[in-house]
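Paired with subunit B in one complex and with subunit C in the other, subunit A is shared by the two complexes that follow.
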Partner chain A sequence: MAEVRIEGLTKYFGDTCAVNQLNLVVNDGDLVVLLGPSGCGKTTTMRCVAGLERPTYGDIYIGETRVNDLEPRERDVALVFQSYALYPHFTAFDNIAYPLRLRKTPKDEIERRVRDVAEMLGITHTLERPPGLCSGGEQQRIALGRAIVREPVVFLMDEPLSNIDALLRVYMRAEIKRLQHELGTTMIYVTHDQVEGMTMADQIAVMNQGTLQQLGTPSEIYDMPANNFVARFVGSTPMNFIPGALQKENGKTVHKSDQFVIPVSAEMADRAAELCPSGVCTLGVRPEEIRFTMDDDGANQARVFLLEPLGSETILDIEKEGLLLKVKDVAATQVREGDTLSLSFNRFHLFDDDTGAAIR
Partner chain B sequence: MTVQQTVSPLPGQGASSANSVNTQPPPPQGMWSELFNFRDNRLGVMLIVPSLLALILVQFYPIVYNFWLILTSEKGEWIGLANLSRLTRDTIFHGALIFSLKMGIVVVPMCLLVGLGLALLVHSDYAGRKAIWISILIIPLMVSEIVAGMMWKIMYHPTLGLVNVPLTALGIEPIIWLVKADTAFIALCVVEVWRISPLAFLLLYAGLNQVPRDIYEAAAVDGATRWRAFWDMTLPYIRPMFAIATILVFVWSTRTIGTIAATTQGGPGRATWNLSWYIYGMSFQRLKPHYASAAVLVMLLMTYIAGTIFVRYLWVERRSR
Partner chain C sequence: MAQTEARETATTETVPQTVEMAVQERRFNLRKLLVVIVLYLAAFWTLVPMYWVAISSIKSLRDLAHIPPRFFPTDPRLDAWVTIFERRILENVYNSLVVATLATIICLIISVPAAYAATRMRLPFKFVAIVVGLMGLVALLPPIASAIPLFLLGSDLGIIDEKYTLIILYTVLNTAFAVWVLRGTFMDVPMDVEEAALMDGDTRFGAVRRILLPLIFPSLFSIAILLFIFNWNEYIIALYFVNSMKTMTLPIAIQAQIPQHELDWGVVSAAGTIAVFPVLVAAFTLQRFLVRGLTFGVASGQ
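Presenting the complex of A and B:
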């Protein structure tokens, strides 16, 4: 068990800066998800922690030890690869036992620990087979077993669920979270799947273009995105963005766009006046925070042009003068395509157009 | 090994596959009837017929003809196994057989070691421009045996040869390599290693390229040193290539004839007669092709047995624990 501290981590590949001055503390026993799109530097960060890449600048600490100059084998971290990286010429048993053999663990103890781990993961029946004869889900669990069996101080997971089918993924992400809770071992989990991030993490670190965008609990990330990138990236139906500007109308501040006029609270208006003097900002609102009524005389009217039924809810695609909004309808109302609705915006965020930062 | 086992069913799985168990049709009966089903594979059969004929012509016919030669005398009379029993008493043949095996035993490991070393060097990150290295290293493969032999003969020249230059520079008496039996053996082995190790290099390099990089990273994180990873990952992975390389190097080194023709001509005395040289001399100088065919059979058997051993002990996947 140990905390992981990343201080000013910068990694260049040639002239390309993959990670830019990243600071991150992973508390002992926490599950931190590094979340971001492809090429955002999340895997590079994790490989630096594992020791497979050498940081260009910055320090990495595991516990109290600065590990920059330690070989991967000296860091006592376990890594689950996206490709699993199982040893194809070993059986599943040998795969899981390999880290123990390298540590010269006694034979009967190896036998016992491998069997225990296999039982825990439900792969006892695969132990005598080479990984090539196991299914994707089994291979994934063998890789997991190889990481768990040696009881490392830190788990590193590099998109371990991206190669298995959707159903198994839902099952396994809960399984990994449960395992991490049971073992109480610090875990850094890399993924580009924001649902995985939201469901598993104690803390999410959202990354983009090599820099940390926001660090927070899943609900903080979801409810209070620090900037428009985080807002756009998190949420399975993405946030709606309405470009416009803040204006005074009848003494009250409103966000005025080509399509809508949306009243802004006095408190928010004050903050905006301070943080974004130009007033040019984009309004972001989550699909479930848009309320609608079916009368066609209210303010902010728009037309439904497509329904996306998902069973438990329906996504309404609403269009107005070239702007597309997605609205979640959880109440199973009888909206049809072509209906005109009047919208009201319950909770929303304002993002400065120049910096992208949230105004709050 | 039981492949079909019950996996703890995941939500939504299991039920759908369970109710179709009793209704599925029986599996097809045997691979061969499928393969030789002429109606389905007409095009396939027609496509392989020409190569099959060519194979029969160039492979099976000479082998069968060779047996015919063994069983008859030079005058065309049927003599049964007399040629073979004569071989068992032929001390020159024994010498040639032993020389061939000795050569194989020395040259095969040397070639594999040199080839593996070169392959690891070229495969490492230190070697930029791998294509250039490869094309330089395989030059010996492109040189014919005779040319290689001629070249080395000049190198082994007692006073002019490059091999003796460093020796004389150190004040050591120049060695007359090709005139004494033991030095001639060493000299020939060196030529063969020079000539054949690029083949081992090429095969093992190809093998190294097939090892996925991520298993080295996994091994490093799991706690393996580079040396351990080489033993546990690299070597098992390139085993099949090792087997192929071993067989080919063995065959190449035991059947060599051009090198001997260009350097020692079998001398001094009969000290460097190998099987090929024996067979060549017996057929074309002593004009006893029927008797020589018996030696050909022995050579064939030797290669076959060696090949089988190499495949069994090197190629077969290790499944132990």
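Presenting the complex of A and C:
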């Protein structure tokens, strides 16, 4: 058990900067998800912690030890690969036993620990088979078993669920989270799937183009995105963005765009005046934060052009003058395609167009 | 063969449910038949000369000289075999075995780490290509072109007519080829698997020994057999570097059976038969190992 501290991590591959000045502290026993699109540097960061890559600059600490110059085997860190990377010429048992054998663990203890782990993961029946004869889910568990059996101080997971089918993934992510809670081991989990990040993480670190965009709990990331990248990336129905500018109208500040005029609270207006003097900013609003009424004389009218029923809720695709909005209708109102709705915007964010940063 | 065919005809009669399927099946069988015919022709093409050499070694002089040639010896005798054993052919076999085996092993000991570095150390492809190209240059020259300067070098160093000289030369000539083929083999094994071993607590050397090499063993074995056959058959270099019975390899010994005046085809054929034998054994072993099943299924999900 240990915390992981990353200080000023920078990694270049040739001239390409994969990770730039990353600072991150993973508390002991926490599950931190590195979330970002492919090529954002999350996997490189994790490989630096694993010891498979050497940082160009910066330091990595596991517990109190600076590990920069330690070989992977000296770090006591386990890594589950996206491809599982099982040893095809060993049986599942030998795969799981391999780290223990390297540590010269006594034979009967290996036997006991491998069986325990296999039981915990429900793969006892596969132990005598080579991984090639196991299903994807079983291979996944064997890879997990190989990581768990040696009781490392830190778990690293590199998109471990991206190769199994969607249904199984939902179960496996809960299972990994449960395992992590039970074992109480620090875990760094890399994924590009924001749902995985939201459901599993104690803390999410959103990365883009090698830099850390925001670190926070899932609800902080969702409710208070630090910039428009985070806002765009997180949320299974993406946030709506309305470009425009802040203006004074009748002594009150409004966000005026080609399509809508949206009143802005006095507090927010004050912050905006300070942080974004030009007033040019994009308004971001989550699909569930747009309220609508069916009357056709209210402000901010728009037309429904498509319904996307999801069973428990319906997504309304609303269009106005070239701008598309997605609105979540949880209450199952009888909206039909072609209806005109009046929209009001409950909670929204403003993002400075120059920097992309949230105004708050 | 006849049985299989019978079984196939049986299936053709029972299985087809529609006319189209039956037509398809027949077409499929026709194709199979063609393939079989071509394979038999190819086998005939390659096996007949070997058979010819083998029977020539036990033919009587009369049979050997008979026109039209006789496919079956009428009066088989072992005179030729007695002669070549009297001429101590087994010593030549021993020399060839020692030279070919050691040159193969040393070549692999050098090329496995070289190929590993070329694939795993993130060296630029250009660099690898240049280094291996330079190594391969000697091997690409016509053997006779490199044999003469090598002979001059060897005689200056005073290492002509030594088995170890042949071993060194064969190793040098084959290394580039071996590195290049092994490079491809190493690239077939995903980096992940080796990295997993490092993460599990192995050293780099341990990961290569316990994970990488067992995974590529079939290919490694095939390459070893190929190298062995190259070394076993090598003639031109040996021609320059062999001066006595102490170093004489089999190809040179066979050549030596052809004297200036009277040519005993039986003796030459017997020597030739001996030379073919280990290659045949190698080919049959190779066949079993050429199945490259093991590295498949390393990647996930399948």
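Keep in mind that, in the parts below, the second predicted complex is superposed on the first by the 360 of 360 C-alpha atoms of A that agree within 3 Å, B and C clash if a C-alpha of one lies under 4 Å from a C-alpha of the other, contacts with A are read in each partner's own complex, and residues count from 1 in each chain.
Going forward, a residue touches a chain if its C-beta (ideal position, glycine included) is under 8 Å from a C-beta of that chain, and two chains touch if they have at least 3 such contacts.
None of the values given here were measured: they were computed from a predicted structure.
For the composite obtained by superposing both complexes on subunit A, the positions of subunit B and subunit C are in clash. Of the two partner chains placed by superposition, A:P309 touches none, neither subunit B nor subunit C. By the touch criterion defined above, A:L52 reaches both subunit B and subunit C. In the superposed model, A:F81 makes contact with both subunit B and subunit C. When both complexes are overlaid on chain A, the residue A:G8 reaches neither subunit B nor subunit C.
Contact with both subunit B and subunit C is seen for A:R146 once the two complexes are overlaid on the shared chain. Look at A:L102: by the touch rule set out above, it reaches both subunit B and subunit C.
Of the two partner chains, subunit C is the only one touched by A:G136; subunit B is not. Contacts of A:R73 after superposition: both subunit B and subunit C are touched.
When the two complexes are overlaid on their common chain A, residue A:I164 makes contact with subunit C while staying clear of subunit B.
Remark: of the candidate stretches 8-16, 44-52 or 80-88 in subunit B, the one overlapping subunit C after superposition on chain A is 44-52. Across the superposed pair, subunit B and subunit C both touch subunit A at residues 50-52, 71-73, 77-79, 81, 83, 85-89, 98-99, 102-103, 146, 150. For subunit A in complex with subunit B, the residues that touch the partner chain are 50-52, 71-73, 77-79, 81, 83, 85-89, 91, 93-94, 98-99, 102-103, 122, 125, 128-130, 133, 138, 146, 150, 167-168, 171. Subunit C meets subunit A in the complex at residues 190, 192-193, 195-203, 206, 211, 214-215, 294-301. The touching residues of subunit B, counted against subunit A in their complex, run 1, 3, 5-8, 10-13, 212, 214-215, 217-225, 228, 232-233, 236-237, 317-319, 321. On the subunit A side of its complex with subunit C, the touching residues are 50-52, 71-73, 77-79, 81-89, 98-99, 102-103, 131-132, 136, 139, 146, 150, 163-164.
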